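Quick heads-up: structures coming right below.
Here chain A shows up in two complexes: once beside chain B, once beside chain C.
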Partner chain A sequence: MEHAIVRFVNEELLGGNGPRVTADDEIVLDGTVDSLGVTRLVDFIETEFKLAVPAQDVTIDNFRTITTMAAYVRTRQESAATT
Partner chain B sequence: MDFGFTEEQERLRTEAVEFARNELASDLVARDAESGFDRELWRRCAEFGILGSNVPTEYGGQGRDVVTTVAIMEALGYGCPDNGLTLALNGQMWAVQEPIQQFGTEEQKERYLPLLISGGYGAHAMSEPASGSDTFALETTAEKTDGGYVLNGRKTYIGLAPVCDVALVFAATDPTVGRWGITAFLVEGDASGLTKGGNQPKMGLRTGPFGDLVLEDCFVPDSARLGPEGAGASIFTNSMDWERSFIFASHVGSMARQLDDVIQYARTRRQFGEPIGKFQSVSNRIADMRLRLETSRLLLYKAAWLLDSGDAAQLYSALAKLHLSESFVASSSDAIRIHGAKGYVSEYGVERDLRDALGGVIYSGTSDIQRQVIARLMGV
Partner chain C sequence: MDTTRHQQTYLLPQLIERAAMVDPDHVALRYRGESLTYGLLFEQASSLAHALIADGVAPGDRIGILLPKGFESAVALYGIMSAGAVYVPLDPTAPTSRVDFVIRDGGIKRIVSSSAKSAAIAELHEAGVPLEAVFGIEPTEAVPYRSVSWEEIESFPTSPPAITVTEQDLCYILYTSGSTGTPKGIMHTHRSALSWAEVTASVYGLTPHDRISNYAPLHFDLSTLDYFGGAQARATTVIIPEEYTRFPASLAGLIEEERMTVFYTVPLALVRLAAPGILDGRDLSGLRLVLFGGEPMPLKHLRTIMLELPQARFVNVYGPTETNGCTHYPVGNIPAETDEPLPIGRPYPNVEIMVADESGSPAAAGQAGELLVRAPTMMRGYWGRPDLNQGAFVLRDLHGGTPDTFHATGDLVSLSTDGNLRFLGRRDRQIKARGNRVELDEVEAVLLQHADVHEAAVYAIEDAEHSLQIHADLILTDGAVPNTTEIYTHSRSVLPPYAVPAEISIRDSFPRTSTGKIDRRALHAEAVGASSNQET
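Then we have the complex of A and B:
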């Protein structure tokens, strides 16, 4: 999961140019991914992992790094599986 | 694919046009000249069910879907030439009531939705002196304290601010993390420390009140927070999907009314022994106005359909906002050219549409910003 998000950020958001991000980089705080990039990232997560990301879940706790994004997705998937 | 309205939607549209013509007729030229907001017209719109159209019935609304509500708002604009009033209605519905519906606690919904749809006033307060297109560069702060937050800052160019009963205020709870530290609050109009500025004179849309909100050590309880701390930017972005998609719904109706007017005028106004519509310089303009109306409708209802379906609409909201606002300016200008001097003087109200339209390329994100959004969301 982390690998897919890292690849999306590096290839799609950053266009394969410049330094490549890792799963633990704080990409939304250091300016690597800006507001419109966050929108595309959320769209990607929703499509790739087949879940809806409500606006109130788009917080720094869930989106600080790709690792925290993946943890959020797993939590949502587990929650969906148990309901 | 079906481009038609249902019988029920057609009935509601007809009723909305009749309501607008019968109940919202007023001395608009005079009120425009004096920037007069008519609370009685707002009350009638609430009573007719305009404000509650897509609010769930448990909160007193009509519970209609988005497409139907947009169809009603378009019809309202067709029957009511008061663009300042219809813009204010749309602003409250899509940028205040909708976020409360989506992100509010049950207590917040029960407290504010019945108030707003029954004729109360709601303001969406984001812009500040130093943050316009750079939306999230907020200087308004919300400091956590016992049992709530203390807000300080100034919000500018806010629709319905001078009269608001509640304002959706965005403030920085953690300024060190930029957009990720923004939080949304519902601040009541009589809150201690909130000052509502007077109606600020402007070029157009003069019949909709507009001004500043100043927050000075304004305490709000924890229960006033809309959504989690730090989710304000995402809530704002979501609210813009709705506002940008539909704030021009009634202006599309205005464009339809403009088109009817210029067709009638081009058929009856004679120059050089012929109706002026026989001259291609006039008829070409009318054809362009029709094209703008049709393309505007397609984008408007595509966005409505997407949001009814629960799909992401940020790209389409930007497309709709850009095209509808620019089309209203272009068609309003064409309407003046077709009417000639009669279009230029204030007496007939033709020129007012252009003044009303020009604000649309600025508020809710300028046309330049919409183009940026569109390009970036396509991966450019």
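Then we have the complex of A and C:
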């Protein structure tokens, strides 16, 4: 899962240019990904993992790094599986 | 006692001095859950002023501030002013070449920074930027300039230096987009800055109980209300960390946790807060005043957020960086379902406005004309640009008496019979892209610097969030390989992020007017048609 998001950020969001990000880089805090990038990331996560991400969940805590994004997706998938 | 009062100048640095005398433990600033009191802010700013003077800073020297948001920003701006010097914010997100330009253009010899910016400072050195010293950073090999650490700064006296500053002296210079391809510096004096602090504190009834947001970074003129209006009222200013501006759900949480009472921002931030679900379950009942400005606020979203925050007063504020705030329009009831833009309202106290028609005479009510402004909050002029100053100021007779200077804003407005001004557009090609001021001519000039670009036409298209997006259409020089990646890279290396075209298209020809000029309106209409076709 992390791998898919890392690939999306490097290839799609950053267009294959510039330094490559890793799963633990704070890509939103350090300005690598801007607000439009956040919107595209949310769209990607929704499509890729077949998940609706409510606006309240698009927070710094959930989107700090690719690792935290993946953790968020897993939590959502688990809660969907138990209900 | 009276004599001391008369001897002492009362300017911006004295705002925090007074606040520190009245109640040193009162919180001046909040950042990431921490507090800086007025007492400490005053002492730290005074120490920085002494450190600067000891290093040879003389009144009127320009000092750059290259800092992420944080307490250091406030210490830097008051410290620089307290030394009698002029602060110049350097956009930390701008490419090195642009920061380089501002440093050289402003004759800046020293900057205040922090270790968070050591990589950027090393790049400046590599680019050959002539700086004598960097304050606020540990001496390291990575930073080849002479540096003075914050620890060293704190060893200087904590009472302010005796410096003669008058209200006519420069206080700060804000650089903004310039139509010829390089930024221009807007000079403000202690008088204009202090006047703005006084106007905002009195008009909006700011008190020490207020907790005012600081959404905008220092190089953006919205920050002057947050810092100076706040200090004038001895209020607390809550600095919003930059990443919160990209996460409206987190921003809503921060407004609640910090119990902000005054929120001042660009419309885009309110549009995002008004999105479904963002304010659900949030208690923002402490918010009494929401100020927004910089570009038109879409009414649909204003209605939504006014329904969510029924206790807050909403005010549309207007004023170019050249004049600080000029007019404001308190929104009474929730606006009806109409697409007519909000008025920009009436002048603040001590501000005179005139709507001038093409011949320079006052325009009739309802007629379009250029807005001329006369106010104590007005700039001194553009730094080192007599050519621009000539067009920026005009003399007009007052009530048949002696003439006085007005600033010609370049904004087209009309005055309604109810006394409210309406904003109609620009005389030139300046736009606001997500709240940031951009001269489209500057973007064209930068694109034309690239060897592959033969002709460039830049125009703005409304995006999904009702802000503007910059598009560039290019004709390449003969034989050039059509490769937009390189042109994007060039744009990013010169322009600040918000001015880089969102889309670059290569064409074989442009639509032309009868005189052979590029018909940018036709290009714009073509692009708008194309995007609306995509949506359907």
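Definition applied: the second predicted complex is superposed on the first by the 83 of 83 C-alpha atoms of A that agree within 3 Å, B and C clash if a C-alpha of one lies under 4 Å from a C-alpha of the other, contacts with A are read in each partner's own complex, and residues count from 1 in each chain.
Please note the rule applied: a contact is a pair of C-beta atoms (placed from the backbone, for glycine too) under 8 Å apart; a residue touches a chain by one contact, two chains touch by 3 or more.
Owing to the predicted nature of the structure, the values given are computational and were not obtained by experimental measurement.
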item	value
Chain A as common anchor, with chain B and chain C clashing or fitting	clash
Which of chain B and chain C A:11 touches, first, second, both or neither	neither
First, second, both or neither for A:56, with chain B first and chain C second	both
Contacts of A:40 with chain B and chain C, given as first, second, both or neither	first
Partner chain in contact with A:24 - chain B first, chain C second, else both or neither	neither
Partner chain in contact with A:78 - chain B first, chain C second, else both or neither	neither
Residues of chain A that lie at the interface with chain B and also at the interface with chain C	28-29, 35, 55-61, 63
Chain A contact footprint on chain B (complex, rising order)	102-103, 135-136, 177-181, 227-231, 233-235, 237-238, 310, 312, 314, 372-373, 376-377, 379
Touching residues on chain A, where the partner in the complex is chain B	12, 28-29, 35-37, 39-40, 43, 46, 52, 55-61, 63
Chain C partner contacts - residues on chain A that touch it in the complex	15, 17, 28-29, 31, 34-35, 38, 54-61, 63
Sites on chain C touched by chain A in the complex	93, 242-250, 253, 275-278, 280-281, 485, 489, 497
